[in-house]
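Below are structures written as C-alpha cells.
Next, two complexes with chain A in common: one pairs it with chain B, the other with chain C.
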Partner chain A sequence: MTLLRLAWRNVLRHRRRALLLSLVVGYVTLAVLFMLGFLDGYGESLVESYARYVEAPVVVAPKAWWQDPDPQSGFKAPFRVDHPGVLAQTPRLALPVLLRSPYKAHGAEALGVDPGGERALSRVPSKVAEGRFLAGPGEVVLGYRLAERLDVRLGERLVVETGRKALGLRVVGILRAGVSNVDFAGVYLHLEDARSLTGVWATHLALEAPRGQEEALAQELNRRLPPGLEARGIWSLMGPIRADYEASRLFYLPLLGLFLFLAAIAVASTAYVSVRERLREFAVAESLGLAPWRLAGQVALEAALASGLGLAAGLLGGYALLWYTATHDVFGPLMRLSAELLPEAGLAEHLYTAVRPGYALVAALVVGLSALLALLFPGRLLLRMEVSAYLKEV
Partner chain B sequence: MLRLAWRNLLRTPGRSLTTGGVVALVVFLSILFLSVYGGAMDAFFRLLLERTGHLVVRVAGYRDLEDLDRLAFVPPALDLPPGAQVEGVLEGVALVIAGDRSRPASLTGLTEPGFLRQKRLLKAGRLPQGPGEALLGEALARALRVGLGEEVVVYAPGGLGLGIVALRVVGLLDLPETSLEARTLLLPLADAQALLAPGRVTRLEVRLPEVGLYQLAPLEALKARLAAGLPGLSVETWLEANPTYAAILPLYDVVMAVYLGFFFVLAGLILLNALYLSLVERVREFGLMAALGLSGSQVMALVFWESLLLVGGAALVGLGLGLLLYLELKEGFRLPFPQWILEQYREFGLPEVLYGRLGVKEVLLTLGYSVGVALGAALWPAWLARRLEPVEAMRYVP
Partner chain C sequence: MARLLAALLFLAWAWGQSPLEKLKAALDHLRGPAHRAVYVLKVERPGFSKTYRLQVFTDGERAHVRVLEPKSEAGQAYLSLGQDLYLFDPRLGRTLRLPPTGRSERFLGSDLTYQDLMGRDLEALFEVAEEGGVLRLFPKPGAPTPYGKVEVYLREGLVERVVYYDQRGEAVRELLLRAYQRLDGAHLPREMELKDLLRPGYRTLVQVLEAQVGPVPERCFQPLYLERGC
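== the complex of A and B ==
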C-alpha cells in the first residue's frame, strides 16, 4: 500500500508529464476501442444481413444441393428437423428464373417461401415498402431496385419462366430492406408456385437458432441428420464477403498491437527520464534497506499508474465515441456506396459499431506492457545502480 | 543553431533513436500502405477499363431506359485518331436451356477483337470461329451440365430478333468473379443481333493505344470531338460509364489521408513527449543560454530545429526503406493473407498478384505529414522554453 501511495505521489509530482503520457495512452486506447467496435460492428452487420435477410441462421439441405444448387438436387419429399435447439423452421425453394415484365426481361434467382413460416424467421416480410408481403399463390414480391430495372409497379403482372414452365404472377409488394441482395435481386414467390414450376418440395430448410449458437447447432445437426443431408451455420453461408471481414481482422489486430506497444514505449521512455532524475533518491532508499527489485517494482508501478490515467481517459472517450457511432448512422454513406459497388455481397446500408465491455480489457494491455517495459529498461538502471556513487554526488 | 540542435539530439542517443525509430516506422508503414493500396486500386480499375474500353458510346439517357428496343442503335461510323479501335457490343438477357436444366444469363455479342481479349480467360476449348458458336462461363456450364461441343438453346423473348437460337459451346471461361461466371454467355455479334436486335448494338467501345489508366485528358478531348457528331448518342469516359467506381477515386484519397493521419498523430504525440522530456532535462541549460543573450525566438528556433532534424532524419530513413520495399512490390506481390481469403478476394475483382504503385503525390503526402508532425509537436515545448525566466530556470531542481 505504501509503495502504491509513493508511486502515485511520484506520478503527480510532474503533472505536465503525466498529462502528456495520458494523451498518448488515451489516444491509443480510443483508437483500439473504436477499431474493435468497428470490426465487431461490421461482423454483426454481416451476420444480421445473412441470418435475417439473405439466408438464415442455419440451413439444412441435401449434400447434392450444396454441390450443385439446382432445384432438382433439392428435397423430393417433405422433411423436418427435430431438435430442441431449432427454434423455428421453414422450407424454401430457390430456383433460377427469367422474369419478364411488359417492358423488360431479367435473370434472377427466385425464392419460393411459405409466408407464415418466413415471418417467424426472416425480416424480409416486414420490409415491404409498398403493398404487402405474399398472402397466397399467384403473387410475387420484388426488391425495389429490381422492380425499377424491370420497370414494374404494384398490381402489374410479371411472367416467371424456368424454360420448362412459366407462371404469370401479380406484383403485390415492393421491398426496401436496406440489404443489397434483397433490394437489388430479391424475388419472392409463394412456395406452392415454386413447387409447381419445379416439381420439388423444397431446395433447403431455413432454421432459426439462438443467437451466437448457429455454428454449434449446425455441427450438432450434422452428427444427427440422416446421411445425404448437411447443415451449415451462418458463417459458412456468407460467401466472399466473409473473407473481407476475416482479412480486416487479420490486418487490424496486429496493427492495434503495434499501437499499444508504441504507447508503452512512450511511457517507458518517460519513466526512464524520471528514474534518471531521481537516482540519488533511489540510492538513499536502497541504503535505508529497500531492495533494488522493490525499487524497480515501484518504477513499474509508476508506469502502470501513469498509463492507467490515460487508459481511464481513453476508455471514457472511446466508449463515448462507440456509443455515438452505435446509435447514429455515421457510416451510412460509405456502406451505401459499398452496397452499390458490390450488390451481391450482402452488405447492409447501415453499419453501427459494437459496444462491448471486453474492449477495455484489450486496451488495458497497454498498462501491463508499460509496466513490463518500465521494469525492463528504467528498472534495470536501478538494479545496476552503484549506491555509494550516487550518495557521494552533490 | 543547426549544429547546436544536432549536438543536443546526440546527447540522448537512446531517446533520439527510439523517437526517430517510431517516426521512421510510421513513414515506412505509410509508404507500404500507400503502395499496396495503390496497387489494389490499379488492379480493380484496370479490370474495369479492360471490360469497358476507354470511351463508351450509348443511346443518350440510357440509364433511364429499360427496353432493348430503345437501348439498341445502328452503329454510326466514328471519326477516330489513328490506332484507335472501335468494337460494337450487343448485350441482353436470356434463359439458357440445356436438357432439363435452365439458367438466366447475360448475353454479350462480340466481334473478333472482343473475343481475342477473352483468350487469357479461356479455361478449355477455343474461341468461336463462326456463327452458331459460343463461350460459356465455366460455372454456367457446370450448372447447366454441358460440356464442350454440346448445344444450348438460348431463349430471349421480347426483343426485335428471333428470340431463340441454338448455339454450340466451343469454349469455357474462367472469370475472376464466380457470380459473373455463372451468368456469362459470349456469342458472335451477328448471332446476338439475329437473336435480339438485327443490325444494332447497345454500345460501342473505343480503345486508344498508349493511354494510361488515369490519363483522362486525351479521353475528354476525343469525347468532346465525337459527341459533337453523334446526335441522340452519349459518349462517356470509362469512369463516367461506371459512376459508382468514379465516386471511389476521390473517396480513396480522403480515406487514405485520414488513415495515415491516425498513425502520424500517434507519432506526433510520442515526439511531443520526447521533446518535452528533453526540455525538462535541460531547463537549467536553457536558462543559462537565455542569460548569455539568446533571445526567446532563438530558443524556440532551437527546439524547432531539434524536432525538424529528428523527424527529417527519421523520415528519410523510413522513406528510404519504404522505397526499397516499393521496388520489390512493384514487381508483383501477394497480400499476406491465407490462400482462401485471396481466392475469395478474386470474387470482388481483386487478382491474387498485385503490383505496387507509388506516385509523387503519395510521397509528398507522407513527407507533408512528417513536417507537420515535426512542427506541430515542437510548438508547445518551444513555447514553454521561450517563457523560461533565466534566473528561475538556472535554479530549477527537477
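== the complex of A and C ==
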C-alpha cells in the first residue's frame, strides 16, 4: 500500500510527463477499441447480409453443384433435411438468365424461391420498396438498381430467358434492401417458374440455424447427410469477401499489437529516464532499508499507474466513440461507395461498429506491458545500482 | 387487262385471309428462298460508322454467315440452326456454341438481333389484329417479349415497316424493308434499315448484293464447316 502511495505521489510529481504518457496510452487505447469494434462490426454486417439476404445461415446442395453451380447439377427430386437443429428450410433454385426489357438485355443470376418458405428464412421479402413480394408464378421481383438499369417499372413485363426456355414475367415488386447483391443484382421469381426454366427441382436447400451455430450445424449435417450432398455454414458461403475480411483482421490485429507495444515502450522509456534522474533518491531509499526489488516494483507501479490513467481516458473516449458509431450511420456514405464499386460483394449499405466489453481487456494489455517493460529495464537499473556510488556525493 | 385481273385476284385472296395468316405469309416472304448472297451491314453510331461485308448462305430456315470485311474481323462465322447458334472466332481458332439466349443479343454490335434476322417471334408470341390495313400485334399473356405492341405495315403482302413499342406506348425500334426482289417465286428485301428510336444516330443498314437463288450445299449447315468455309 505504501509502495502504491509512493508510486502515485511520483506520478503526480511529474504531472506534465504523466499527462503526456496518458495521452499516448489514451490514444492507443482509443485506436485499439475503435479498430476492434470496426472489424467486428464489419464481420457482423457481412454475416447478417449473407445469412439474411444473399445466402442463408446454412446451405445444403449436391457436391456437384458446389463445384459447378449449373442448375443441372442441382436436386433432381424433392429433398428435406430432418435435424432438430434446423429451425426452417426452403428450396431455392439459382439459375443464370438473360433479362430483356425493350431497352436493354442484361445477364444475371436469378433465384427461384417459394414465397412462403422464403419469408421464414430471409429478410428480402420484407424489403419491398414498391409493390409486393412474389405471390405466385408469372411474377418477378427485382432489386431497384437492376430495375433502373433495365428501365423496367412495376407492372411491366420482363423477359427471363435461359438456354431452355423464356418466360414473360410481370414485375410485381422493387426491392430496396440496403445490401448490394440484392439491390444491384437481385432477381427473384417463383420456384415453379424457375423449375419450368431449368427442369430441376432446386439447386440448394436454405436452412435456418440458431445464431452463432451455423458452422457447427453444417459440420453436424455433413456427418449425417447422404453421400453426394454437402452442407456449408455461413462463413463458407461468403466467397471472396470473406478473404477480404480475414485479410483485414490479419493485417490490423498485428498492427494493433504493434501500437500497444510502442505505447508500452514509450511508457517504459520515460520511466527509464525518470529513474536515471532519481537514482540518488532511490539510493537513499535503499539505504533506509527499502529492498531493491521493492524499488523496481515501485517503478513498475509508476509505469502502470501512468498508463492506467491513459487507459481509463482511452476507454472512456473509445467506448463513447464506439457507442456513437454503433447507433449512428457514420459509415453509410463509405459503405454505399464500396457497394457501388463492388456490387456483388454482398456489402451492406450500413455498417455499425460492435461494442464489446472484451475490447477493454485487450486495451488493458498496454498497462501490463508497460509495467513489465518498466520492471525489465528501469527496474533492472535499480537492481544493479551501487548505493555507495550515489551516496558518496551527498 | 391481265394485270388488273391479277391485282383483283391478289386483293380477293388477301381479303379472305385472317390477320394471322397475312402475318405468316408476309414472314414467309421475308425469309426468302434458299440463296447465297453478299450482304453489306453498316452500323451507324453518333460520330462513327462501321461497315461489314458478309457472305450469307441460307435455305430459309438455317443460315451460315461469314464476315469478309473488315480485315480485322474477317473469318468470323456464324451458324444458326433453329435454336442452336454457333460462332467461329479465328482469333480463338475455335467454334463455340452460343446459348439460345444469344439469339436475343445484338449481331456484330449492330441494332439487329439474330431473332430479327431469322426469328418467328412475331407470329409465335403475339395476337394479331388488323386496323386500317396495319397489323397490330399484342403480346399473348405471359409471352416472353419485352414489347407492349408491334405494328406491321404491309404492302402487297410484303412487310414494309415494323414498329416496336415499349409497354408505355412509346415506339422504340423501327425496321424498314425496301427494294424487294422477286427471286424464284419468293421475295427478298434488298435493303433493311433498323433504327433505335430512343437513341438518335443509332441505325443499322443491310443491303443485299449478288444474291444467287438455288440450293445451298448441306455442308454449309455443319458446324464443322464454320472454320473452313463451305
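The definition used in the following text is that the second predicted complex is superposed on the first by the 394 of 394 C-alpha atoms of A that agree within 3 Å, B and C clash if a C-alpha of one lies under 4 Å from a C-alpha of the other, contacts with A are read in each partner's own complex, and residues count from 1 in each chain.
The definition used in the following text is that a contact is a pair of C-beta atoms (placed from the backbone, for glycine too) under 8 Å apart; a residue touches a chain by one contact, two chains touch by 3 or more.
This is a predicted model, so every value here is computed, not measured.
Participant: Label the relationship between chain B and chain C on chain A in the superposed model as either fit or clash.
Facilitator: Clash - chain B and chain C, as placed by superposing on chain A, overlap.
Participant: Touch test for A:Gln72: chain B only (first), chain C only (second), both, or neither?
Facilitator: Once the two structures are laid over each other on A, A:Gln72 reaches chain B alone.
Participant: Touching A:Glu161, do we find chain B (first), chain C (second), both, or neither?
Facilitator: A:Glu161 contacts both chain B and chain C.
Participant: Between chain B and chain C, whom does A:Ala266 touch in the aligned arrangement: first, second, both, or neither?
Facilitator: It touches chain B, and chain C stays clear.
Participant: Per the contact definition in the header, classify A:Ala7: touching chain B only (first), chain C only (second), both, or neither.
Facilitator: neither
Participant: If you stack the two complexes on chain A, which partner ends up touching A:Leu98: first (chain B), second (chain C), both, or neither?
Facilitator: A:Leu98 sits against chain B and chain C alike.
Participant: Once the shared chain is lined up, is A:Gly138 touching chain B (first), chain C (second), both, or neither of them?
Facilitator: second
Participant: In the three-chain superposition, say which chain, chain B or chain C, touches more residues of chain A.
Facilitator: Residues of chain A touched, chain B against chain C: more for B.
Participant: Is A:Leu237 touching anything from chain B or chain C once the two structures are fitted on A? First, second, both or neither.
Facilitator: After superposing on A, A:Leu237 lies clear of both chain B and chain C.
Participant: For A:Ala31, is the partner it touches chain B (first), chain C (second), both, or none of the two (neither)?
Facilitator: First partner only.
Participant: Which chain A residues come up in both lists, the one for chain B and the one for chain C?
Facilitator: In chain A, residues 97-98, 100, 103, 105, 161-164 are touched by chain B and also by chain C.
Participant: Which residues of chain A touch chain B in their complex?
Facilitator: Interface residues on the chain A side: 14, 16-17, 20-21, 23-24, 27-28, 31, 68-70, 72, 96-98, 100, 103-108, 149-151, 161-164, 239-240, 242-244, 246-247, 250, 259, 262-263, 265-266, 269-270, 272-273, 277, 337, 340-342, 344-345.
Participant: State the interface residues of chain A toward chain C in the complex, per the touch definition above.
Facilitator: 97-98, 100-103, 105, 138, 156-164, 166-169
Participant: Which of the residues in chain C end up touching chain A in this complex?
Facilitator: 99-101, 104-105, 139, 142-148, 164-168, 172, 198
Participant: Sort out for me which residues of chain B touch chain A in the complex.
Facilitator: Where chain B meets chain A, its residues are 14-15, 18-19, 22, 66-68, 92-95, 97, 100-106, 142-143, 155-158, 179, 183, 244-245, 247-248, 251, 262, 265-266, 269-270, 272-274, 276-277, 280-281, 335, 337, 340-341, 343-345, 347-348, 398.
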